[in-house]
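Next up, some structures in C-alpha cells.
Below, subunit A partners subunit B and then partners subunit C, in two separate complexes.
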Partner chain A sequence: MQTNNELIKIFHGPQHPGITGNMSVELDLLGETIKGARTHVGYLHRGFEKLIERRTIIQAFTIVCRICVPEPDPNEENFARAVENLADIEISQRAKYIRVMVLEMARLGALFLWMGGQSGSIGLGTIGQWSVHDRDLILDLFEELTGGRVYHMYIYPGGVRRELPNGFLDRLSQLLDYLESRLPLYDNVFFDNSSFKKRAIGIGVVDANEALKNGYVGQVLRGCGIKRDVRKDNPYLVYDQLDFEIPTFEGGDVYARAMVRRGEIRESIKILRQVIKQMPEDGLIMQKIPKHRKFKLKKDDTFVATESARGEFAYYMAGDGTEKIRRMQVKGPSLIHGFTLLEKLLIDEELSNVAMIMNSLGICPPEMER
Partner chain B sequence: MNTKLDIKGTISPFNAITKLFEHPNTICYPSVKKEIPKGYRGFHTNTLTDCIGCANCQDVCMNEAIDMIPIEEDKNPKNSSGCIPRIDYGRCCWCSLCTDVCPPSSLKLEEDCIWANDNSNNFLYMPKDK
Partner chain C sequence: MIESLKQQYNIEQKESRLFKLIIKKEEFLKTLSFISSSSNFITLSQIACADWIEDEIFKLNYILTTKERDKNLMIELEIPREESKLPTLLNFFPQAEVMERDLHEMYGIEFIGNPTLYDFALENWKEIPPMRREFDTLAYVNEHFDFRKGREDNRDVKVEIKRRRAEAKRLKNANK
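For the complex of A and B:
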C-alpha cells in the first residue's frame, strides 16, 4: 500500500451483510475503486482435520457435515465413501439412490439460498424472501427424512441411517412440481431483470485459460464455457445411470455464473424426478458395519470427490490399521476461489461490486479453515 | 456499457407485484406452532426399566456430553453399574449416535425440542423416563 494517503483502507467484513461468512476482505480504495485486496480468514478456526485425527471413525462422522453449513451433505458423502473404500464396504443400490436424492435436494437448497444472497447483494431483497421460503420447504423434507433441518448427519459409512418415511417420494415429487412452477417467476424477477443484467454482465470476469490453469471449479469454470462436472467426469454412486446435462455459459462474469446456476436448478429437478422413478423398492439401506471401537480402516489411502453446489469437494483419507483416521484432508472450492481468485478479481472493481462478486464465487469460510 | 433498452427485462420484474395479494407464508409463532415431524431429533428419553447402564452412549459421544450418574431408585435389576446417562445440552449436537449404539434401545430422542433457561446448570438434562 502507498503511504501518501491517496488510498483509503477499509475492511469489508467480517460483520458486513455482503460478506459470505465469517471472513473479511481488506481493501485499498482510490475513491470508489479498489486498488488492492487481501483476504483475511481466522475468525472461525475450528480445525476439523485435526479433530478428526483424534476421534474414532464413527465419532468423526458428526464433524464433517460442519465443514460447509449451507450444504453439508457432499461432505458426509465424501467421508462415507472414503471410509467405505478403506474398509471394503459395498453399499446397496437403494442406498446409492437415496444418497443421490439427498445430494440433489441439498444442491437445490443451496442454489435457492445462493439466489437469496446474490440478489440481496445488489439490493433485490424480495427474491431472497421467496427463495429462502422455497429452500425451507426442502428443509422440511430433510427434517422428515433425517430428523434435522440443516445438519442432517444422514449419509453414514455403510449406507444411510434411516429408511424413507411413508409417502416421502410423493411429497418430494409434489415439491418438485411446486419449485418448477416457481422458476418462471425467478426468471422474470431476477435472471431476466435488466437491473441485475446491467450490474452483473462484464463484472468479475474470469478467463477460461486462467480458470483451467489455476484449478478453479464449479460455476466459475462452467461460466467460462468449460464443461467440467465430477458427476460426469468421474461418476460416483449412480450418476452414470442418470440422464442430465452440464449447464455452461460464455462470458466468465457474474451473470454467466448466475445463468449456470439457473440451469443447474433445472437439471437437479430433472435428476430428482429420475431418482424417484428408478428408486429400487428393496435393498438394505445400511450394511452391517463393525461396532464403534472395532471399526478399523486398513493401512491405505484414498481420494474421493463429489460435485457440490459450489464445485468439486474432495477428500483425501489415509488409514493406518487402527480405529482412528491417520489423516484426512479436505479440498473445497472456497480456498482457491477465496484467496487467489477473489484478490485478483477485485482489482479495479467498484466497492459496491464486492458482495456481488463474492456471492458469485461461492466462497464459504468454514471450508477454508478446516 | 450496453445502452440498448431492455424492455422485457425492465417490465418483467413488475411481476412481483402480483405476490402482494397472496397469503403470507409466515406463521404467527408462538400462538401458531409448526407441526414437528415424527422422528425429529429433539430431547432424550430413557426407559429406565430397560437401561443396563453400559455407558456405550457415553463412550461414543464425541462431545463428551454424556455423564453416567448413579440412580436413586433401581428400576432395572440388570443395570449392573447402577448408573444412567445425563446429557449436557450445552455440548450435545443431536447426532443421535448414542441412541444408535444403545444395546437395549432404551435411549431415544423425542420430538419435544424447546428449552430456554438463563442458568447454564439447567442444561444438564436427565432424560425423561418413557
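For the complex of A and C:
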C-alpha cells in the first residue's frame, strides 16, 4: 500500500454477504477501483489433514466429506479411491455406477446452489430462491439414499454403504424431468438476462494462454475454450462408458464461466439418464473389507483426482503399513483460484465486482486451509 | 512423451496414468527445470509432503500434470527434517507460491527464493509447525483452550465403556 494516502484499505470478508465462505480479501482501493488484493484464509481452519493422521479409515471417513460443504461427495470419492489403491481393493461395476450417480447428483446440487450465489452477488435474489428450492429436491433424494441431506458419508472404500431404496431410480428420473423443465426458465431469468450479461461480460477475464500452465481447472479453463475435464482426460469409475460432452465457452470472463456451468447442468442430466438406463442389476455394492483395526494400508503412496462441480479435486495419500493414514493432502480447485488467480483478476476491477468474480471462480475456503 | 522421459530417467509406472520418479535433492532443480520445459508435463498440480519422523526425513512429491491433463508424474525427493530447505519453483510455476507458503507454515520447510513465505492459514504461530508429527494437537488444545461450559459431565469414552462392561459382568455374575 502507498503511504501518500491515495489508497484506502478495506477487508472484503469474512463477514460479508458477497464473500464465498469464511475468508477475506484485503483490498487496496483507489476510489472504487482495486489496486491491490491479498487473500486471507484461516477463519475456518479445522485441521482435517492433521486429524486424519490420528485416525483409522472409518474414523477418517466421517470427517472427509466436511472438507467441502456445497459438494462433499468428490471428497468421499477421492478418499475411497485412494484407500482402495493402497489396499488393493477393486469395486464392482454396480458400485461404480452408483458412485457416478451420486457424484452427478452432487454436481447438479452444487451447480444449482452456485446459481443462487452468483445471481445473489448481482442482486437477482429471486433466482436464488428458485434454485435453492430445486436443489432441495435433489437433497430429498440424497436423504432417502444416505440418510443425510448435505453430508452423505455414502461412498466408502470398497463400494457404497447402502443399496438403492425401491423405486429410487424412478424417482430420480422424475426429478430429472422436472429439473429439465425448469432450465428454460433459468435461461430467461438468469443466463439470458440482460442485467446479468451487462454485469458479467468482459469482467474477470482469464488469459487462456496461461490457464493450463498455471494450473487453473474446471470452468476457469473451459470458459477459455479449453476442453479439459478429469472425467474425460483421466477417466475414473465408469465415465469412459458414458456419452457426454464437455461444454466450453469463449471469452474467459464471468459470463463464459456461467455459460459453461449452464451446459454442465444439461450434461449431468444426460449422464444421470444413462446411469439409470445402464445400472447393472446385480453386483456387490460393498466388497468384503477388513474389519476396523485390521484395515491397513500398504507402505506406498498414490494420487487421485475427481472432477467436482468447480474443477479438479485431488488427493495425495500415503500409507505406512498400519491402520492409520500416514498422510492425506487435499488440493481443491480453490487453492490456486483463490490465491494466485483471484489476486491477479481483481486488479483494476471495481469493488462491486469482487463478489461476482469470486463466485464465478467457485472459491471455497475449507479446501484451502483443510 | 513419457516414453522419451523413461529413456532418460528411471520412471516407475504406478497405475495406467500415474508415474513416479524418485530423485535426489541435488538433482531437484535440474530435473524439474528439464521436465517442465522439454516435456508436456507443464502443470504443477500439487506439492505433497509427508513426515517420516522415524527416518528423520520429509518426503516431498511434486505432482506434475500433462498439458492434456491425462497423465500425472510424481517426482519424489527426500529432505532432512532438521535442515529442510529447497529452492523455490516460482520461476517455473507461479502456483508454487501458495503451495510453498502452505508447506512452509505447516512443516517449516524453507523455500529459498520465495518472497511470500508469510502467514498462510495461521496467525503469529510460534509453536512447532503443526503438521510435523511431533506436534501434539490434543496437548496444544488442552493447554490453550477451555472446554465449553455445560460439558462438565463429558466423560472419557474409554473409561465409560470399561465401567459399563464391568457393570454388565457384575450383573451377569450376580444372576448366576
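Quick note on the criterion: the second predicted complex is superposed on the first by the 370 of 370 C-alpha atoms of A that agree within 3 Å, B and C clash if a C-alpha of one lies under 4 Å from a C-alpha of the other, contacts with A are read in each partner's own complex, and residues count from 1 in each chain.
Note that in this section contacts are C-beta pairs under 8 Å (C-beta built on N, C-alpha and C of every residue); 3 or more make two chains touch, one makes a residue touch a chain.
Everything quoted here is computed from the prediction, not taken from an experiment.
In the superposition on chain A, A:T302 makes contact with subunit C only, not with subunit B. Applying the stated contact rule after C-alpha superposition, one finds that A:N214 touches subunit C and leaves subunit B untouched.
By the touch criterion defined above, A:R55 lies against subunit B but remains apart from subunit C after alignment on the C-alpha atoms of chain A. Look at A:Y316: by the touch rule set out above, it reaches subunit C but stays clear of subunit B. When the two structures are aligned on the shared chain, A:S194 is found in touch with subunit B, with no touch to subunit C. When the two complexes are overlaid on their common chain A, residue A:E144 makes contact with subunit B while staying clear of subunit C. In the overlay built on the shared chain, the residue A:T126 is in contact with subunit B alone; subunit C does not reach it. By the touch criterion defined above, A:K324 lies against neither subunit B nor subunit C after alignment on the C-alpha atoms of chain A.
Interface of subunit A with subunit C (complex): residues 41-42, 45, 47, 49-51, 53-54, 85, 212-215, 228, 230, 233-234, 301-303, 305, 312, 314, 316, 318, 326-327, 329, 331, 335-336, 339-340, 368-369. Put simply, subunit C touches subunit A in their complex at residues 14-15, 17-18, 42-46, 48-52, 59, 61, 63, 65, 67-72, 74, 93-95, 97-99, 102, 119-123, 130-131, 133, 135, 137. Across the interface of their complex, subunit A is touched by residues 1-2, 6, 8-10, 12-13, 15-16, 19, 25, 37-41, 56, 59-60, 62, 93-97, 100-101, 109 of subunit B. Contacts from subunit A toward subunit B in the complex involve residues 55, 58-63, 126, 130, 133, 140, 143-144, 147-148, 151, 153, 161-162, 165, 185, 187-189, 192-195, 197-198, 201, 291-293.
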